[in-house]
Amino acid sequence: MAGNSFGTLFKLTTYGESHGIAIGGVIDGCPAGLELNLEAIQHDLDRRKPGQSNIVTQRKESDTVQFLSGIFEGVTTGTPIGFQIVNENQKSRDYSHIKETYRPSHADKTYDDKYGIRDYRGGGRSSARETACRVVAGAIAKQLLNNITIQAYTSSVGNLHLNTTYDQLDLSTTDDTAVRCPDAAMAKEMTHKILEVRKAGDTIGGTVTCVIKNVPAGLGEPVFDKLHADLAKAMLSINAVKGFEYGSGFHGATMNGSAHNDLYNEDGTTQTNLSGGIQGGISNGMDIYFKVAFKPVATVIQPQETINKAGEKLTMQGKGRHDPCVVPRAVPIVESMAALVLADHLLRARTSKI
Amino acid sequence: MAGNSFGTLFKLTTYGESHGIAIGGVIDGCPAGLELNLEAIQHDLDRRKPGQSNIVTQRKESDTVQFLSGIFEGVTTGTPIGFQIVNENQKSRDYSHIKETYRPSHADKTYDDKYGIRDYRGGGRSSARETACRVVAGAIAKQLLNNITIQAYTSSVGNLHLNTTYDQLDLSTTDDTAVRCPDAAMAKEMTHKILEVRKAGDTIGGTVTCVIKNVPAGLGEPVFDKLHADLAKAMLSINAVKGFEYGSGFHGATMNGSAHNDLYNEDGTTQTNLSGGIQGGISNGMDIYFKVAFKPVATVIQPQETINKAGEKLTMQGKGRHDPCVVPRAVPIVESMAALVLADHLLRARTSKI
Amino acid sequence: MAGNSFGTLFKLTTYGESHGIAIGGVIDGCPAGLELNLEAIQHDLDRRKPGQSNIVTQRKESDTVQFLSGIFEGVTTGTPIGFQIVNENQKSRDYSHIKETYRPSHADKTYDDKYGIRDYRGGGRSSARETACRVVAGAIAKQLLNNITIQAYTSSVGNLHLNTTYDQLDLSTTDDTAVRCPDAAMAKEMTHKILEVRKAGDTIGGTVTCVIKNVPAGLGEPVFDKLHADLAKAMLSINAVKGFEYGSGFHGATMNGSAHNDLYNEDGTTQTNLSGGIQGGISNGMDIYFKVAFKPVATVIQPQETINKAGEKLTMQGKGRHDPCVVPRAVPIVESMAALVLADHLLRARTSKI
Amino acid sequence: MAGNSFGTLFKLTTYGESHGIAIGGVIDGCPAGLELNLEAIQHDLDRRKPGQSNIVTQRKESDTVQFLSGIFEGVTTGTPIGFQIVNENQKSRDYSHIKETYRPSHADKTYDDKYGIRDYRGGGRSSARETACRVVAGAIAKQLLNNITIQAYTSSVGNLHLNTTYDQLDLSTTDDTAVRCPDAAMAKEMTHKILEVRKAGDTIGGTVTCVIKNVPAGLGEPVFDKLHADLAKAMLSINAVKGFEYGSGFHGATMNGSAHNDLYNEDGTTQTNLSGGIQGGISNGMDIYFKVAFKPVATVIQPQETINKAGEKLTMQGKGRHDPCVVPRAVPIVESMAALVLADHLLRARTSKI
């Protein structure tokens, strides 16, 4: 109930603070017999890790995952998969300046409100470092999903919006740029924007769009655990996310039903896909697509006024090496959380019929 | 795992099809000793029920809730609260025309895909009638929440957007109009729009905004069960919802961190509230607010081409008495789901500290 | 978390007090496509109901189950199966004498300790009447289990022990006697004993043995949710149960390993079955068998000294029509709980392998 | 659902195979603010570890626990407590002889039945080595339980039964003997018996009795999650356990109600305690006590006939250093599982009332 687990049948539990000994997790419920490509898992971790380009944080951390159980001779055994990523960057002195200070729009004060105690080093448990564990589990989920593909990409940075739909893009090029936008011209603009923002000691928000193809019809539980409801929760559980929409999304709320309905072809596919691949909470076999909004990172290098535990005003200034824009590194996290949701529902669907 | 339960400590399980004998549910985990105002519960149900005005479906159904257990001499006993709402409107003949037909953008086909069988009468389990049970449970949750207030209202219909923030509105007037928009002029426009759409045999989407006040700091679990992640799931689990945003939402994704950060006052409140009352997944005591997008109702009275089970094309036309716009009746549903989330986290917070 | 649900994938939630309007439940997760024999369900309820013979309580209650959802044209639809049993016997005046009194070895005082309030009429939620809902769900589970058979019987009453193992008995004769012992001579003795005890205004304990045949190998989760651990919990959750043993049980604790080990035949069956059909928490295809101990019913007609809420001593005397021995009516309850465990693990086993 | 988690609010998830890199776990839901005595945790681990005396396995393994998260400056932070115990003893060659062989009364064949694959080294996940993680979590739970004491001891080995009740024993002397029987004369006999059995290349079963004192009234959920039902499941989930009884247990099934009822004193305590401290599934403040039956260890050094995967008969002989009697090392495991159940219900009880 303390909320460190995700999923029902394919279930991830994570632990770890940003500056503790290690972060890690347990995947329970991965079926036996899955031959794992461990390189693919590390590859997804590398897509998330700090220091990978000049538009992300310059912290250096190798983020190497070590598997401790549940895999025998390269194949999952059905028993829990324990894994860990050792924290190489545990210098707690960097953070002594925030021990008594509540950084604006961080979780410092709310953790104190909730727990009465907090590991203040680097954000502790509230650090986005925790998402590395999600990427490990998501990368395994992707392999379970087999030919279902999950592709996310940066669809906006600040006011720079990619005004093409996903089907007009070559998503195989997403990783060609550090900003992970599959439109070369826009990628250039976004990169420029992020560098500009960094130079100003500021940060900027953005959105990630995600597309899931080859989903079999019939995934999702119809009432509370609608497939898109679980996707929404998955996305909103990622640090810095402020919004989620799928299919026609907020724009759909402006439309008429006669225009919004997806008419059928004779083969059961639909002529349009404003439904976003899900009807009544259950996948219909069309592409699932959704968009996730990320606020700008709260740690800015500009001086800001804030308070300390005692309620006294003081001026603080972000130190260290923070992301000017979280979106490029969020792309694999979005994919991972989507993969966890899909893997869970793929297993759940096995019990829908006798 | 079949997804008909919501919540962890304050938990609702629902059952029932739109044209079965009854719909109902079980609330497990409501603490003992809560003196219930049963009229307030029925009042919320009445806000949701069909036939309440000329801009909603003209179906007549009294939607009277009957409590079967868990309440003794007006007070909750801590044991499960069973309840039911008898379906008065069980004429299955009305729906024979859709027995073999898949209505566009409904769940007919996906239910068949998932289960291989479906109660086709009036949408069966996929009918929004199920949400009446959520309103019953939500109304009880509201009473548990005590002085936490949850107020939702219609913030847009089609392209008619209420361009004022919630704090500029008198939310006590929401129910003064059938459309539930607390701005009289806009309410008039919206009502006109809905009547126009109905006349055309069409439907229209809209948004509901919800504000939660007096939330104690410290609610929410920090990783997967962030307070806003649970709100997102709650909202996306409501029929016809396509999107969710809280605090600065999608707009926040266009902003810079220096502008987005909520600076502290000395008393721990914040000068702005782009965070939407939640930081790091935990409430900070400021107002929680969010917006929910509803697509237009899929049942239109205009003729549409579709297919049947055999994959043959045919033309169908919506019959019966459907909502031209789901939003006015969705207002109490949004509030109810928010109340369920808050009640659950209020109880969960009791175990955060020794 | 309030503990009114049982199972994970095949999940029963119950509600209801003995003297409320109705008791009932929701079965979530029953796969779609199961053609239900409703008579068989009512038949199991009749095996549990009061008044069925002269050795059980003489209360009259028809215990007729009504299904409210989840079944369409006789077949499960995969949506939750709501059901209820109306309480015909709601005379609360019978119980006014216990409003302020704590009956010895009942749950009166502990309910007050826990909740600070209690529906004192007839035991309220602590009444074994709640088990009728388990029988409904168990009877559906039995049908899902197909050719797995679950047969329980009375194996002792007081010191009258059936000293034959289950394979020496004809279990098809269990219901031939009201006491449900499949050995005619012993059944006679037991019946005599119960009538004697009743006459003395007393009650007596006993045991139920249960045998499950045709279980496929591979059911059960190996660590915490071992098949026998879930059976143990299921049995101990039944009112009045004090003990559980499976396979060699407590006797096995006196044995040497060389004698206890079940040696294999070439076909993978075992020559003996001290393991009780389960090894490492997973079924091995041999018969599962276990024994459940029931204490004597606490309500005795003899006068007893006790206390009231104020801590004052007083003498009370059981009124009404109570069971002199709970075991005969417990037989279908034991079977039902076993069926719920098996059905749940049958579904869980569907995700063990890719 | 794969069954590697235990508890609801105080929840342990474990991972690890006996001959993998490490075993470990995550404790989620331990409230913040608990000052941990780490030595006490290691002390309980040492009570369980192999090689501690001449009547247990002579394997040497230090079983040192390392905490990775959730503890800051010696105090729990409310975030998940990750921990691991590195396997020092990973020589897989010792087990090559069982790769294709199914050992009698082990889980070799059932794991293959369930998963189609198995880490055969030392029993893999089915090894009782997994219980070390339970001891870590249980030792933390004990500290959360504060002045509730949990004391287990060896109450029988084979046919040597300790025929005194727990209140006649000085439980502080339990650990004075390697066999953990708090009766010096009986301890001597038991030790002799175990050494004799070991010499014969055989093994022997036994029982553990456990007493829990100072439990506040009101713990336990009344229907499916009765306090004793959760204790039963906890105990049956321990390797080699075949039975559980609490309070009057199986003997209670032979008694009359008039003799079995626990009459009240004026202060609400009871004159006798055949109820075992629990009534209606809820603790009543009296001592909770129960007994657990352990079968003899299946690995015997004597040659035994068995089969291999191909179904061919062969003779095998246990190698290595196995426990002749599991009971002495099981004592801390029983305590730990009891502590997990109590800690969970202690937290659950926080939401029983408004």
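So that you can tell them apart, the chains are marked A, B, C and D in the order they are listed, and the count of residues begins at 1 in each.
The rule is simple: a residue touches a chain if its C-beta (ideal position, glycine included) is under 8 Å from a C-beta of that chain, and two chains touch if they have at least 3 such contacts.
Predicted model only: the values in this text are computed from it and were never measured.
Undergrad: Hey, what chains does chain C share as contacts with chain D?
TA: Looking at chain D and chain C together, the chains touching each of them are A, B.
Undergrad: Count the touching C-beta pairs: is A-C or B-C ahead?
TA: B-C
Undergrad: If you average the CA atoms of chain A and of chain C, how many Å lie between those two points?
TA: Between these chains, centre-to-centre, one finds 46 Å.
Undergrad: What is the distance, in whole Å, between the centres of chain A and chain B, each centre taken as the mean of its C-alpha atoms?
TA: Spacing between the chain centres: roughly 26 Å.
Undergrad: Compute the distance, rounded to whole Å, between the mean C-alpha positions of chain B and chain C.
TA: 39
Undergrad: What residues in chain B touch two or more of the other chains?
TA: Where chain B meets two or more other chains at a single residue, that happens at 1-5, 8-9, 14, 29, 32-33, 78-79, 114-116, 125, 222, 351-353.
Undergrad: Residues of chain B touching chain D in their complex?
TA: Interface residues on chain B, with respect to chain D: 1, 9, 29, 31-34, 76, 78-79, 144, 222, 347, 350-354.
Undergrad: Show which residues of chain A lie in contact with chain D when the two form their complex.
TA: 1-5, 8-9, 11, 13-17, 20-26, 28-29, 32-33, 66-70, 72, 75, 77-82, 84, 114-119, 124-125
Undergrad: Inside the complex, what are the residues of chain C that reach chain D?
TA: Those in contact with chain D are residues 1-6, 8-9, 14, 102, 104-107, 109-111, 113-116, 125-126, 130, 156, 158-159, 197, 202-207, 217-226, 228-237, 239, 242-250, 252-258, 260-268, 270, 274-276, 278-285, 293-300, 302, 304-307, 311-313, 348-349, 351-353.
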